[in-house]
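Both complexes below contain chain A, partnered by chain B and then by chain C.
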Partner chain A sequence: MPESSKMRKPDVKVVLLGDTNVGKTSLLHRYTERKFKDTISTVGGAFFLKQWGPYNVSIWDTAGREQFHGLGSMYCRGAAAVILTYDVTNWQSLAELEERFLSLTDTANHDCIYAVVGNKADLTDTKAYLSQETPDANQTESEEHRSDVLSACPTPPASPVSISGVTFPKQVTREDALAFYGRILRYKGSDERTSLPAEKMCFETSAKTGYNVDALFEALFDLVLPSMLRKRNENQQSATVDLEVCRKGGGKRGRSTCC
Partner chain B sequence: MDTDNDQEGETQGVKICGPPLEVNTAADTLATSLSLLGNHMFPDVVARKAAREDERAQDVPEEPPQDTEGSLSLQATEPESQEHQDDVADGTQSDSGEFVVTVLAKAKLEEQGLGVKGHSSPLLEVGIQESPPAAHGGSHRDEDVTAESWRRHRKHIFVLSEAGKPIYSRYGSEEALSSTMGVMMALVSFVQSGDNNIRSVYSEEHTVVFLQKGPLVLVCVSSSRQSEQQLRSELLYVYYQIISMLTQASISRIFEHKKNYDLRRLLAGSEKILDGLLDLMDSDPSFLLTAVHCLPLASSLRDSLSQILQKAITPNLVFSILIAKNQLLTVVQERAVIEDARLEPADIHLLLNLIGASSAFQAGEIWTPICLPLFNPDCYFYTYISYLDPPECTVCLLLLSTDKEAFYAVAECKRRIEEAMAAQGSLGLIAKAQTYSVSQVGVADLRHFMYKPFDVPDNHRQLTQFTSPEMEAPYHTEEEKMRLLDLYRYMHGRIHSNSRPLKLIYHVAERETLLAWVTSKFELYTCFSPLVTKACAITVITKLLRWIKKEEERLFIRYPPKYSTTPNPAKSSRGAKAEQTDSSDNGFLSLL
Partner chain C sequence: MSVKAFELIPAVERDLLMGDKARINIECIECCGKHLYVGTNDCFIHHFLLDELTSAKGRLTYAAQKLLHKYMGLKKPVAELRAASALERLIVLCDGIVFLVDMVTLENVPSTSGGGARVRGVTTFCINENPVNGDPFCVEMGVLSLKRRTVQIYMVYEDRVQLVKEVSTPEQPCAVSLDGYFLCLALATQYMILNYNTEAAQDLFPYNSEERRPIVKRIAREEFLLAAPGGLGMFANAEGASQRAPVNWSESVIGAAVCFPYVVALDESFITIHSMLDQQLKQTLSFRDGRILQDFEGKVIVASTKAVYVMVPLPLERQIQDLLASHRVEEALVLTEGAQRSIPKEKFMVLYKRILQQAGFIQFGQLQFVEAKEHFRKGQLDVRELISLYPLLLPASSSFTRCHPPLHEFADLNHLAQGDQEKVLKCKRFLITYLTEVRSTEVVNGCREDVDTALLKLYAEQNHESLLDLLASDNACMLADCVPWLEKYQKYFALGLLYHCNGQDPAALQMWIRVADRELQDSTRPDLFEYIVDFLSSTADVDLVWKFATWALHKNPTTAVHIFTKRSVGKAQSDMNPEDVITYLERHREALLLYLEHLVHERRIQEEQFHTHLAVLYLERVFSLLSESPTNEEQLSRSREKLQGLLRESNLYRVQFLLGKMENCEQLLLERATLYGKLEDHDKALHILVHKLRDFQSAEAFCIWTSSCRDSAYKQQLFHLLLGMYLDKSATGKSQSAVCDDSGNLEMAAVDLLNRHGELFDPVRVLRTLPEGWSLQLLRPFLGRAIRASMHASRTSQIALGLAHSEHLQLLHDKLKETKKPIAVSTKKGCHLCHNTFSDPEVVCLPGGVPVHTHCAAQRMRDSPTKRQLPNSSNHT
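Up next is the complex of A and B:
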């Protein structure tokens, strides 16, 4: 078992960014543990390895204070995908992404892909709300298990097609998110025509009901596959690029190729 | 019935440091503020006496200081004697502090038509005021702050900025309490304007303690009957926990740039960590004793664990800490670092609380900046946290580095530690390690104890520790545990009283007898069945000390092991080791 844990070198890195309380940890918890729990608070960054087919995906969940303590760029270094998360009921959380978090992604890979994710959709969208098993929305204390119906279904479409029954006014519209995605591309200097389309990269999710959570992660993993393959190739070509070397290098490393 | 009196608790008055206040017109404003505060916090407040600290001390008769070190002559505090009679101030004296409070008292009496209540014994109410603290979860945020139940909480804690902006409240949301906090701030700034620092306010049922640290003001409103000193030290822990997440330097800089900055933006999500700290302080005597509790372990096993940690190193690693069941197994420290400073128990407590409060998601490996405020309040260590026994998650490894980029290197140290522990079957052995039962001491009548040795002479940089058995019947329910802890807190408060410290207290309570004893070598708190005699207690303590001596190897970390991870020890001074927070400057201003 120690031998295998040593072998589990990450092939690719995905980072969850966004203000505290938007539900980053809940999203990851829902995806990896299939549960929604209410007693989670993140300190710093938490590193997870997730098996995706033959690949090891490393996922960094962050606390939301990254810009302040200066570790954000470390978490983002060499990332192949960044999930910029906001809370659909909190307009400020979208604004914060632009003001505080976007600049942290400067250390990500040049071909890094960006997903804009509006979480807590269960609070604004009947469809997301109904994904859950029990109709009692107040049961946040207890663990709620993901709806069997949903997990039995084939993977839902990567982006919710339209919002049919809005239960109460949203603070962040899908159009806001799409527009923000456009500004990300401009910030990165990417060409909108050759980049992944906003339609495909903006998600609305609910960690609470599980709505669209698998779709988000699976779509991203699919998209970073080329990046993983390239990395595997690099690793095979030059045996120097691995954790062992990073460890021995110690001290101050520049933007290393490792994870 | 327990009739022993708590002098601190029954003293009514406002204690104000420094010279008396000038009587000025601002006093009226303050009086209004105070009565507002009274409305919010305690409608039955009856402040009856105000005095400056020095005057107050004379008012408080206590046993003469006894120097019983090394001998076991005991003096009981007479259970029946009324140790302290209050003078009822009538507001005719000229001290303005007194004036203000008298105004307050009158205002309250008129408003509420309340009479002066009779005194009650401090320890009578202890433990029955509130059910034990709720588990982590922070459901207190939604409390109705106007409800009676909100007022009745045993201990309120508020944190606010100097500008009066709410930062944290233990119960109820800060927003709902912003007017209360504003009033507290008015109180603090009023007293500051006279070059005084307000330190505490006593009322019939509450002690209000203020602590100002840099740009933060911390307030505790307690009906727990703890001493002012104890409450202040708890406030200090709260302050340090905030520092542990942000560093003192950052907080100062933020408020230098923007006086009315809303610090909640940076502490968002950390309420649970502070909630957890407050619950822990109520239930864990480690904080009271400022000592760490290590898990009893055969010294051979502890040594082998230390050796495993000693071997798994990487440059810039400074502390390797192994924890099981929230108790310390071993700590290995970088040799050069401990020449400068030792690891303080308080820093370990804060670290343990931080882990505990964020442990809900235990599958991952955490890499986070953490400041150890007593080690250096202005610097971060980069801390790797991982559980070694998922999914149980009782054994936790902490590796502290000064290099923020070292995550992968440090994670690799963990793999090696994991491997070595697997090879030696350490996890299985750790799982068998138990806290012990007081019955192992083998003396009747002894129900519980807490023993804190001071530094062993030949190793003065040793970590301060204490040992204590499991709390067993009759202290097995939450209420009874809390009651015993309250008794210990009371004994501790008297032993460490500022005005009249004591070396030895023999306290006959209703349901037990307690003895607290402090010497140059140790601090000891013991709890006996109520029928024990003094002579018997002395015999038991002699036996207990002998037993501890015999078990020392197992009960304590004897010689904290060291390693050298840094090739150039010259750069190991405190300031250079832990990274200054300057690196966080990029983007720092945009936060404001």
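Up next is the complex of A and C:
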């Protein structure tokens, strides 16, 4: 049997949601292919199967454009985790999450978990900027420019803004994200005390440098898989007889059709 | 982008349908086996027989034969046609009416009394290809009505149509598809899934059906393909979830179908073909006036307004090969893997492996070695395919021939690299790592010789450090093929190893010897000579040793002797007889000496002849050094030390023989003294030491080592002898002044001896022998020590006595405890003799354990000298 991931059925679904151009595809790309490359605006959606231990996790990359907005709730149907992505340099991208995308998650599993992810942290955060995971083969021009400035500078300046020489003010603080997470829980009617804490579920990442990207996905898988396994076990235990009955019934019908 | 996945083949040309009637258009088609039905806008149904023909060149063509055409009599276009082959009926939608016609005659089926064979007010209908109802002689049909917001489910029988279910929808539906209980509907503003059995509804996504024509196409069990906003082809299952990523169509798609693994879609001027596996657009066919695209039993048929075509999928292998030919490795592999379900397993594995191997070679050609290796591994590539790319690597005797058809386009590495030496080098490095990894796996079963030989050649050529590791480990290198190669790259040491691997040790040694003698140049091992010696010392082949040891001994006897000394002892076969070795070494004095030292000192062989031989060799060396002039004092003393050491330590050599050898040599007095010591002739020995050598230190040392394993009396005797020697004035026969000076020295030696080893002497005997005139002060340390020793001895013996005494008592006590019962004495009990009570614990026990007063017992002894038998009374105990 070929070991292609494409042949296997996913065990669990994770969906990336967020406004256009916040970097959903880049995040997924960074995680799955370990590099950052130019992407074009996603059309419709795409998905990737990730082998996590013995399980297959399907990660759906959705289109952020308004045009495809209607498809979101279909992608979210049955999702075990949703990654709500915004751009730290763009306040509107966080606002959009609340206005447009949160309602799409109504179709997700009732115990679905939510992560709030601020991408492009390399533009505002020295730590994220310097966290060059792997030397990037296809550096863009602007990045080359940035590194030039950096190497000319004997000591790393305190603010990444001055590294870049381009102003990218951080428009969304971590506190904003934490507050938004709180509102998600309220929207879902979950109890803040029993839900996963906001500190654990809010991430700032950089798909460009790889900062925090693995941490994000791996944390989610670790949170999602146990619950999925539990559920699967419960189903198996309670539904063994039912499944058998169904299968037998189906078989009989099939035979009777033949004759 | 372009893959040729499908070919468009004409099936029914315009001539056959409408001739030159310009306003007649095709409205709908149905294909059922070889039967093709075409509905036109002038209310005709045409019936064709479609024959598939394959030309001599393997090209597929279709020949359509018109069987019949019939006017339906409604003056309106025939909107839809569906065959119910089991019923031999065609279901026709025309002018809002659904009715049945005979499949063969196209005659209208009259309604019977049971119910109508017509349904009126219909906009569109669909057939359930996966009905829940098991009746094979009826067909389930979903019908959308003109005005009502409902979906009706009908059962179609041979001669009637029966309404079985009606479900209402929130909006006016305009397209429908049916699978099991699930209706997939396009409503005015959205798509939805509706279960007509439970009436459970599931919204899918919004879609403006008035703006753009919706598409609802069942593609598999409980899975539908839908036209989505933005020109997407979305997949949705009955649960309302999407399990495949969407494909990106144009905005104006008219029809779509799935022909795994492709999604085929028709718009105004093109047919687009996307892969469901990676969502990529694979092929675009220009197609004007397209009207219908539908799949019938796996056959995709497209129709323009005037003609009908069949889309024939190209053989999968051809598609894959096309992809590979354009170096689209990933896509080729995805396509292959996607085809797994549709090909028998055995056949698939053969195909898949071959594709993987081809993919590997493509990536290899692009120097993407990591990917190439992975594909070679997964494709279980015959490693020789890869090796054969490199000229001359495979052994001449290899039976390998490249697989046909070839897996790649390269003649050889030079062809691949086009003269780029950098590239060649990279490829060679890759082959080295690849072969190194696979050579120990089952991949190389059956071609180990070829792989190891190739690897050896590469190592040699690249001057790779692992060359020696390869030869040192278990390998299958072909000797005949490798010899010239190693010679070419001057890897003579390695060549020797190779000979060795092939059991040709003499050849190996000869090769190495030529290198060691600088006849051949190979700097692999600067310590080659030591290596050869080591090799000879460990070989089991004794003849080999005899043959080559001479060379080594001539070259460097000190190292060469290791051949014999480092041999592991104990293995019966390879064991060499020491006598043989000694005979062999006779001409190599230096080596012989070392060998004997090894036998005597390290192996501690207790053989008289070896010890004597060694001593004689030492002695000869000393003699020869002595005869030199000027004498090398340092060497001489070292040699003498060795000789003396042996003479002292060993008890096996023939003393008299040696003594005879050095009888006349006045320079070796110490040695002689030692020999006398060995003969227990201590007088002579000490005489030499004290009077001839005047070496009091040696004399003292002599006494100590001679007596080292003897008892203290012997020791004492020896020291007294030495003391006597010191004090004996008569022994010196020198001049008067010398005597005086001499005796002074001797006396000082005596004093020193006494003061140093006082405890060894018997002080009384010493004091008797000492001259009267010696001061007490002079002997103070000796006397002090003697007194202390004597005190110590006395006290020690007292302690010993006390301990022995207590031990005796203890034993006595134990004995009593074991043999006698306790004798109770208390103030309340009376003496058996005087009947008074006891007042103190001292009692006398009469035989039988009867306690009596001491004085009573004494009294009784006095009173009756004759022994009187006491009555044995137990009641007093």
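Quick note on the criterion: the second predicted complex is superposed on the first by the 181 of 259 C-alpha atoms of A that agree within 3 Å, B and C clash if a C-alpha of one lies under 4 Å from a C-alpha of the other, contacts with A are read in each partner's own complex, and residues count from 1 in each chain.
The working rule: contacts are C-beta pairs under 8 Å (C-beta built on N, C-alpha and C of every residue); 3 or more make two chains touch, one makes a residue touch a chain.
Keep in mind that this is a model prediction, so the values were computed, not measured.
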Partner chain(s) touched by A:188 [first = chain B, second = chain C, both, neither]: neither
Touching partner for A:68 - first (chain B), second (chain C), both, neither: both
Which of chain B and chain C A:99 touches, first, second, both or neither: first
Touched partner set for A:35, first chain B, second chain C, both or neither: neither
Contacts of A:46 with chain B and chain C, given as first, second, both or neither: both
Greater residue coverage of chain A in the superposed arrangement, chain B or chain C: B
Which superposed partner A:20 touches (first chain B, second chain C, both, neither): first
Touched partner set for A:78, first chain B, second chain C, both or neither: second
Common ground on chain A, meaning residues reached by chain C in one complex and by chain B in the other: 1-2, 6, 43-47, 63, 65, 67-68, 70-71, 74-75, 253, 258-259
Chain A residues touching chain C - in the complex, by the definition given at the top: 1-4, 6-7, 43-47, 60, 63, 65, 67-68, 70-71, 73-75, 77-78, 107, 253, 256-259
Complex contact set, residues of chain C against chain A: 132, 134, 136, 203-207, 228-230, 232, 234, 236, 239-242, 244-248, 277, 279, 333-334, 336-338, 340, 352, 378
Contact set on chain B toward chain A in their complex: 136-139, 245-246, 250, 266, 268-270, 272-273, 314-316, 354, 357-358, 360-361, 363-370, 380, 382-383, 385, 403-409, 411-412, 415, 418-419, 422, 581, 583-588, 590-591
Interfacial residue positions of chain A with respect to chain B in the complex: 1-2, 5-6, 19-21, 25, 29, 32-33, 37-48, 61, 63-65, 67-71, 74-75, 99-100, 103, 141, 243-244, 246-247, 250-253, 258-259
